[in-house]
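One chain, chain A, appears in both complexes that follow, with chain B as partner in the first and chain C in the second.
Presenting the complex of A and B:
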């Protein structure tokens, strides 16, 4: 198996080295990646979308379908994970020696170090503020909905590891959980139909100058939905994978 | 920076990809296979982002004080999509591995093959 893997890796590496030898040098302003549609986005992106962070402009306005289906993909992943029977909650199978091994998974299997406990508790509000800043300032600095979702999700996972999952689960209101998990796809669907009513194109954004505020509001709704929905999905994925016994 | 006419940044991505591929094929532990897959994905993201860079370029955020040349925003947006898909794949794979462990008590492929 190891020999086969080495041969395979060498063959793949040789193929890829031949491939990159034919690529245009990167960093060249006249390279094909900078002269086609990318140049148009850079030239007219701000005027057409009103979003100063052009990555967000490409993500939400120019290539909204891509992002729509992206939030559907991660939502589907959550559905798939939740649809599986909880592996760690089920009693061990009654076949042979596998029952003998003690199963981990309970919250107090390993006591949390007081240092870790203190540091996580101390840092959590700052992490939350950083996530909010990344969302709020995302149009003029690097950041945005997905980055904010990753930061909030990581904070919730860290809190879940330290305080136990029951406490961390309370961060998400129980009644709203199902809606928050689906917030990304829902918001995209609503904005898509709003855009359809306004422009005649599914997920279209009004282009004229008069609708600037409306267009901005649509982008903000999408960003917030991505941030909150993404964070809840990330935390839920982690909790579902590591459910207590 | 080039070596034998090859772009060193791209070569680094190829090396990282091959490390991940080797982990994916040679290791029998399913978690290590998922880790290998993640290393491969990371190398692809690095490759795509590298291809969009520009010498002396700024991040593509048009505010007061920023000036062209900007790096291309498309690779960044594409990679953001790719990262989300990678997270989804990893989550589902880990959930399935947890199922396999609960049912068979092992996640080693060679041990799973010998099960009746």
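Presenting the complex of A and C:
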């Protein structure tokens, strides 16, 4: 068995090395990635989409389908975690345990260090501002919906770790939770049908100069939905795993 | 300089990846994996992909570490021999 594993590893590694050796040199201007659609994106992307950050332009406008399904994949991951019986089961509180007692941290056994508590409290607003800035400037500078979602989600998890899950759960409004979790796929579906109505193509973006504001609005809606939906999904993943079992 | 930086970072990546795979203590594996993500984040930034670097730092080094640790807290700390 061990010899077989070793042979398998060597064969796969050799295949990969041969494959990599056949790639054009890194940064080669004549490489296939720079001569096909990539060249067109670089030449006309800004004019065609009105989005000055080409990464965002490709992600949302040219390759919208990929991003749509990417958002669906993240949502499906959350659904899978929530479907685990241990993630949603809430045992009744043990006898004698006061539910009103203030509890810090997700585990009562280990109190949160005051240093960590202070640093997270101090940094959280700055992290939030950074996330909003990266969302707001996403079509000009590096950043955008996914980055913002990751940063906001990480901030919510950090807050959840030091303040305890009861506090963290309040960051996401309970009534809107189900809708917020599905915000990314929902917004993509709505924008896709709007694009269909406008251009005749599913997830199409109007290309003419006159529709510049509308196109920008569609991109902004998608960005905000990806950011909020992604952040809520990350926070919910944390809550689901952090719940007592 | 640039090539030296890349070489050091890639060697660190390989070293941390091997450490993660060999670690029996899963908490040690998760901490090393966070280090791996951090190094990878620097590589992305160095290769001119700040978008990916931000996501790698937040998700790779931050969120997944927490999720892994929570999972370990609910299951077992050591790999079964």
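As a convention for this text, the second predicted complex is superposed on the first by the 217 of 245 C-alpha atoms of A that agree within 3 Å, B and C clash if a C-alpha of one lies under 4 Å from a C-alpha of the other, contacts with A are read in each partner's own complex, and residues count from 1 in each chain.
Here is the rule we go by: a residue touches a chain if its C-beta (ideal position, glycine included) is under 8 Å from a C-beta of that chain, and two chains touch if they have at least 3 such contacts.
Because the structure is a prediction, the values reported are computed rather than measured.
Asks: Check whether A:55 is in contact with chain B, with chain C, with both or with neither, and answer first, second, both or neither.
Replies: Once the two structures are laid over each other on A, A:55 reaches both partners.
Asks: With the two structures laid over each other on chain A, which partner does A:17 touch: chain B (first), chain C (second), both, or neither?
Replies: A:17 contacts chain B only, not chain C.
Asks: Look at A:161 in the shared chain and tell me whether it touches chain B only, chain C only, both, or neither; answer first, second, both or neither.
Replies: second
Asks: Have a look at where A:241 lands relative to chain B and chain C in the superposition and call it first, second, both or neither.
Replies: After superposition on chain A, A:241 lies in contact with both partners, chain B and chain C.
Asks: What is the contact status of A:6 with respect to chain B (first) and chain C (second): first, second, both, or neither?
Replies: first
Asks: Output check: A:221 vs chain B and chain C. Expected answer is one of first, second, both, neither. What do you get?
Replies: A:221 contacts neither chain B nor chain C.
Asks: Does the superposition put A:37 against chain B (first), chain C (second), both, or neither?
Replies: first
Asks: Which partner, once the models are overlaid, touches more of chain A's residues, chain C or chain B?
Replies: The partner that reaches more residues of chain A in the superposed model: B.
Asks: After superposition on the shared chain, which partner residues are touched by A:146: those of chain B (first), chain C (second), both, or neither?
Replies: A:146: touches chain B and chain C.
Asks: Have a look at where A:128 lands relative to chain B and chain C in the superposition and call it first, second, both or neither.
Replies: A:128 contacts neither chain B nor chain C.
Asks: Looking at chain A, which of its residues have contacts with both chain B and chain C?
Replies: 55, 142, 146, 234, 237, 241
Asks: Quick one: which bits of chain C touch chain A in the complex? Just the residue numbers, please.
Replies: The contact residues of chain C facing chain A are 50-51, 54-55, 58-59, 62-63, 66-67, 70-71, 73-74.
Asks: Sort out for me which residues of chain A touch chain C in the complex.
Replies: Going by the criterion above, the answer is residues 55, 86, 106-107, 134, 142-144, 146-147, 150-151, 153-154, 157-158, 161, 234, 237-238, 241-242, 245.
Asks: In the complex, go through chain B and note every residue touching chain A.
Replies: That would be residues 2, 5-7, 9-11, 14-15, 17-18, 21-22, 25-26, 28, 50-55, 57, 59-63, 68-70, 72-77, 80-81, 83-85, 87-89, 91-92, 94-96, 98-99, 101-106 of chain B.
Asks: Chain B touches which residues of chain A in the complex?
Replies: Interface residues on the chain A side: 1-2, 4-6, 8-9, 12-13, 16-17, 20-21, 23, 25-29, 33-34, 37-38, 41-42, 45-46, 52-55, 57-59, 63, 66-67, 70-71, 73-74, 76-78, 80-81, 84-85, 87-88, 90, 92-93, 96-98, 101, 140-142, 146, 234, 237, 240-241.
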